[in-house]
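As structure tokens, the structure follows; a few thoughts come after it.
Order as written gives the chain letters A, B, C and D; numbering starts at 1 within each chain.
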Amino acid sequence: MSGVLSTVAEAHSVDDLRRWAETVLPSELSDFIAGGSGTESTMAANRAALDRLTVVPRVLRGGPDADPATTLFGSRSRLPFAVAPMAYQRLFHPDGELATARAAAAAGVPFVISTLSSVTLEELAEIGGERWFQLYWLRDDAETLDLVRRAEQSGCRALMVTADVPVMGRRLRDVRNGFALPPHVRAANLRFGARSSAHETTGAGSAVAAHTRAEFHPALTWDHLDRLRSCTGLPIVVKGVLDPADAQEAAARGMDGVVVSNHGGRQLDGAVASLTVLPQIVEAVGGRCRVLMDSGIRSGADVLRAVAVGAAGVLVGRPMLWGLAADGEAGAALVLSLLGDELREAMRLSGCADLAAVRDLTTRVVC
Amino acid sequence: MSGVLSTVAEAHSVDDLRRWAETVLPSELSDFIAGGSGTESTMAANRAALDRLTVVPRVLRGGPDADPATTLFGSRSRLPFAVAPMAYQRLFHPDGELATARAAAAAGVPFVISTLSSVTLEELAEIGGERWFQLYWLRDDAETLDLVRRAEQSGCRALMVTADVPVMGRRLRDVRNGFALPPHVRAANLRFGARSSAHETTGAGSAVAAHTRAEFHPALTWDHLDRLRSCTGLPIVVKGVLDPADAQEAAARGMDGVVVSNHGGRQLDGAVASLTVLPQIVEAVGGRCRVLMDSGIRSGADVLRAVAVGAAGVLVGRPMLWGLAADGEAGAALVLSLLGDELREAMRLSGCADLAAVRDLTTRVVC
Amino acid sequence: MSGVLSTVAEAHSVDDLRRWAETVLPSELSDFIAGGSGTESTMAANRAALDRLTVVPRVLRGGPDADPATTLFGSRSRLPFAVAPMAYQRLFHPDGELATARAAAAAGVPFVISTLSSVTLEELAEIGGERWFQLYWLRDDAETLDLVRRAEQSGCRALMVTADVPVMGRRLRDVRNGFALPPHVRAANLRFGARSSAHETTGAGSAVAAHTRAEFHPALTWDHLDRLRSCTGLPIVVKGVLDPADAQEAAARGMDGVVVSNHGGRQLDGAVASLTVLPQIVEAVGGRCRVLMDSGIRSGADVLRAVAVGAAGVLVGRPMLWGLAADGEAGAALVLSLLGDELREAMRLSGCADLAAVRDLTTRVVC
Amino acid sequence: MSGVLSTVAEAHSVDDLRRWAETVLPSELSDFIAGGSGTESTMAANRAALDRLTVVPRVLRGGPDADPATTLFGSRSRLPFAVAPMAYQRLFHPDGELATARAAAAAGVPFVISTLSSVTLEELAEIGGERWFQLYWLRDDAETLDLVRRAEQSGCRALMVTADVPVMGRRLRDVRNGFALPPHVRAANLRFGARSSAHETTGAGSAVAAHTRAEFHPALTWDHLDRLRSCTGLPIVVKGVLDPADAQEAAARGMDGVVVSNHGGRQLDGAVASLTVLPQIVEAVGGRCRVLMDSGIRSGADVLRAVAVGAAGVLVGRPMLWGLAADGEAGAALVLSLLGDELREAMRLSGCADLAAVRDLTTRVVC
């Protein structure tokens, strides 16, 4: 709506922050955040699915309190979100994950630390707040399990295993930009993070994709998850599930949760929107594990939609990076407070005192 | 269609009047009228739902009379509309509600006086014509019931309780404009209307929203309506109902009507379009109470659509304010005469002598 | 596609001819042809319904002949079209109806003479060719029946009674243009055609609409058609039917055909697209009367679509006027030859030797 | 995405190559490749049908191998594609079919030689690689069967009979361009190819369409296919089938395969999208013959979609010509390697080790 802001404080929506961030960031970084794979059709489908889902509000059910708090994998969250795991946040601000994790801690929501975090697990532990660790299973099993140990020891309270990156999606923006990490940003928790193929500009293709190819396990199976299950007491959440059969498998194997996600449209171009399959997945797992959702959430109204069709909560992805880029910790905090305020307001406007009430709302898909 | 009009009399549609009004009004006032909450997705959904509903006209059923008159809550209306309650009309023209109420009286349609009217109930009583009073339940019960008494004593013939504003929707246009009332416009019927938080420009956010927060009851329940039911003989209409269960509740508690409304897309962003849920609500109440509808009505064809899927009538919102801004009472009258003429013509073109015939028309939703 | 043509002969589609015509015509005449009523939503719906209907062609069924000939109300037509009745064709070319009627006769398709023809029935009779007469029932019954007699005596072979103009639709383009007939164009078959209210520019509103109001019967019923039935041996076709119940009524009362039509989107704004209701109407009449269709036909592919869902044939409306405006009789002939060639080609490409085969094609509505 | 490339090697998608090709080609050649018939509605429908089909990926099924190899009509193909038969490829590059056939051979995918190839069957045989021959049945039966013999003798391993060109579709771009072959490009395998009506610029209409009219059999039937069946041992594939009944007929008559195709939107304008009818056709033939598909395939994601709804493989059409025009054999090879890489990646991202797994994926049509 507003063309230009003069200070970040004038941002009244995530979209305002995105615009601001895109002003301050070099375009290859804006692209790295915003881009999707291929024709970006899945990215568009995420948005379209949210836009087409309308909610039928209730009235005269009192209030005024609308409490969106919830418990996710044993940890209390003041809002039904966690900050999505996102790599290399020092790209966008010198404080990187320190800033977003502090914002999350202050807002009382879990922060998910990426395997590709540019800040170490131990440094992030000093912040306090609820932290979960996102695991990319590496080609080297020992290093992988070592990461899990460090996550446990540094106080992470859940493991989120990303299942949808056997190979990185073809993100044409990054390919065209020949995107590579600058020397000062590194995968701080990996053995060879300081100087990896992710730093090697070859002039063609994404160096980050090349790095993924070199380091990540390309052929993960449920057996890997069983192995993980047997060697950690932490809750395990599988991120990147879209087929109800996979969600059932996760439940059957004792996983604690799934994230219905297409990785924000960054992996399989042509994949279904997360919101589209969410209700079926909720039904398929039948309460045996918690169902989170991500991909495309940009407002409290979007959170309301996701919860209304069955999500226990959502991961907040790109908005956090726009906030971070715009104003470091303050910008990241602004994202969470905007989304929280919007959600609380949406709950009050739909007559819902808590998330259970939201789940009982009727929804209508329009086209 | 036409880019520019040279006089208001050249307006041949509500859209012409909107354009004219937007030329003469300061942009923050145009925004205050036109805006919706959040991304304005519900506002767009209202329009889309109307556009997608097509009507199957009948032929060779005689005429030429097409009489759109009806009885709404005991009062005769020459057209199946009432003027929607809208706050602070002196913002748009010095005559404010006096002008729109006079236009309504002349057209023979009920005028709904907002709790936030900038003209007193008693001054409006002098105009004559059918008047209803819209009630925002205030934090102060005594002041609320006092308003009800004044409405009764000044001759209002129905009470319309707005149920969808426990808090004001986040209307980003107003927030960005730091919208506040000028000193000369006030909530003329409220105790502290003359100088309220609605006047305090704080530079950030909408002062009108702040005022709502300060004054309105934030936690209305059906018990409040029972209380109202027990202390007034006037028909009671609940405005802002979208879920059939709420409509049934209203009927069960002896309410006389509901307005299927999302407040013109100004409250819950992401709420379903009024027209989409209207048929279900009509079925749910099964004749036990009258079902009005609003949100997005811009032409006689739109009224035909709403009545064809079951509405007893509609509230006309923003169009009245564009008319008022464009030319005071004459502009407001032009809106009602355009809509009336369009409706009568649409009835004749669909072979309907009266509204009962309109209700029997077949409709088809296209996509 | 092509921006500009340098001669009419370069027109390879109806759309080319439209563009050419809109170059040579004064804008108020282009508007009079192209416009629809209200927001022109029905006009858009006509096009959308055609675009969304796809056809499943057959292969390897021989050929090469594809004969689109048919019999409509006892008269042979080389193509499943008739030229739609359209008023005042001298507005667009000095030869007016003489040109379009000659083109129709040469192409072997029926020409429907409008009640508001600017050339007399008797002059048109000299051309020969199949002619039908379109009847607007006038306020004056005697003049009406006199028109019927003249139609019979001048050799018209069918009567098409227009049922959808109890009043003229609110065509905002004409209203804004204050459209009125120039002195040299008149309703040549009407008693007061030479100097009527259709000529009186009042500066506001459409004079043609005013004329309609003054002259046409505003309250036609099925009884009028019974009366007509009893006093003529000609086939009677009811034009402007959209509800299956009305089509059944027509069949039950011994009418010979109906035209499923919304008058090209010029009457009820918000009316359903003709194509949308066509299949139901074909089913409803069950062969008891012939079902034609019009509104939006612009190519042979459109004719194929209409026939595939059950039309016995279509009326060609605006395209004829664009042809006429572009190049008189030659332009009108070009329209018919383009449409005929396109249809024959479409039949061959869908493996259909005749219209019965087209009717057996499967169709799919996409959205 | 990228506006301008500076070398072909910077092409990261088929769309990049199209843009590049359209820079280097004269516009009438760009048009000849890109154009469709009529309003190009079928061309648009092809794209829309692909875009609306989303795929539900699976996770944690191992890998990393994703082998898209398949056997098509007895010949092994490294990818589930064949290069579509396309006429006169010397128009786009001096090497013409030699370049595209070499690229196909190198990529291990079958190359379909058009009847209107501008290089002889025998010259193409020297390249090696899997070749199939596309047959346009000519008016002269003897010449037709002679072509079949030459195809057999030069080592083609399948015959693909095109059933959807009894006459050429009305491709308005070519008609407007008065498109004709330059002297040096000819139908190298036809008796009168060297100097045919395809070369005669008449200033109006497409000379290529005129040539088709002059030479092709305009009334092919299933009997022709029976005849062919009885005089060749090669697998026979019918190209251009859209109705399940025709697919069943092909199966019943012992044909080995069908190509579900609307000829890239170049024949019947208004025809259904290939993808829309594909599932029904697969069901109708029930494994009795192989079902290929073409029309609109532009990426590996599109191939995934087609296979997921049942195609055994696809034909790659226009993309090959853009590659050819952009950089001869290297450009054509780039198309195949892009599509192959994209497909392999899409398979890995959807958890599919082979095409059978792809066929088991769930799909969702969104609108």
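Everything below uses one rule, namely that contacts are C-beta pairs under 8 Å (C-beta built on N, C-alpha and C of every residue); 3 or more make two chains touch, one makes a residue touch a chain.
No experiment lies behind these values; they were computed from the predicted model shown.
**Student:** Chain A-chain B contact: same residues or different, taking over half shared as same?
**Tutor:** The interface of chain A with chain B is built from mostly unshared positions.
**Student:** Based only on mean CA positions, could you tell me how far chain A sits from chain D in angstrom?
**Tutor:** 41
**Student:** What parts of chain D, by residue number, touch at least two of the other chains?
**Tutor:** Chain D, residues with two or more chain partners: 367.
**Student:** If every chain is a node and each touching pair gets an edge, what shape is that graph: line, ring, star, complete or other?
**Tutor:** Contact map by chain: ring.
**Student:** Using the touch rule from the top, collect the residues of chain A that touch chain B in their complex.
**Tutor:** 1-2, 9-10, 12-13, 15, 51, 53-64, 299, 301-302, 304-305, 342, 345-346, 348-351, 362, 364, 366-367
**Student:** In their complex, what parts of chain B are in touch with chain A?
**Tutor:** Touching chain A: residues 38-39, 41-42, 45, 48-49, 163-164, 166-167, 169-170, 172-173, 175-176, 204, 218-222, 224-225, 238, 240-243, 245-246, 249, 262, 267-273, 276-277, 367 of chain B.
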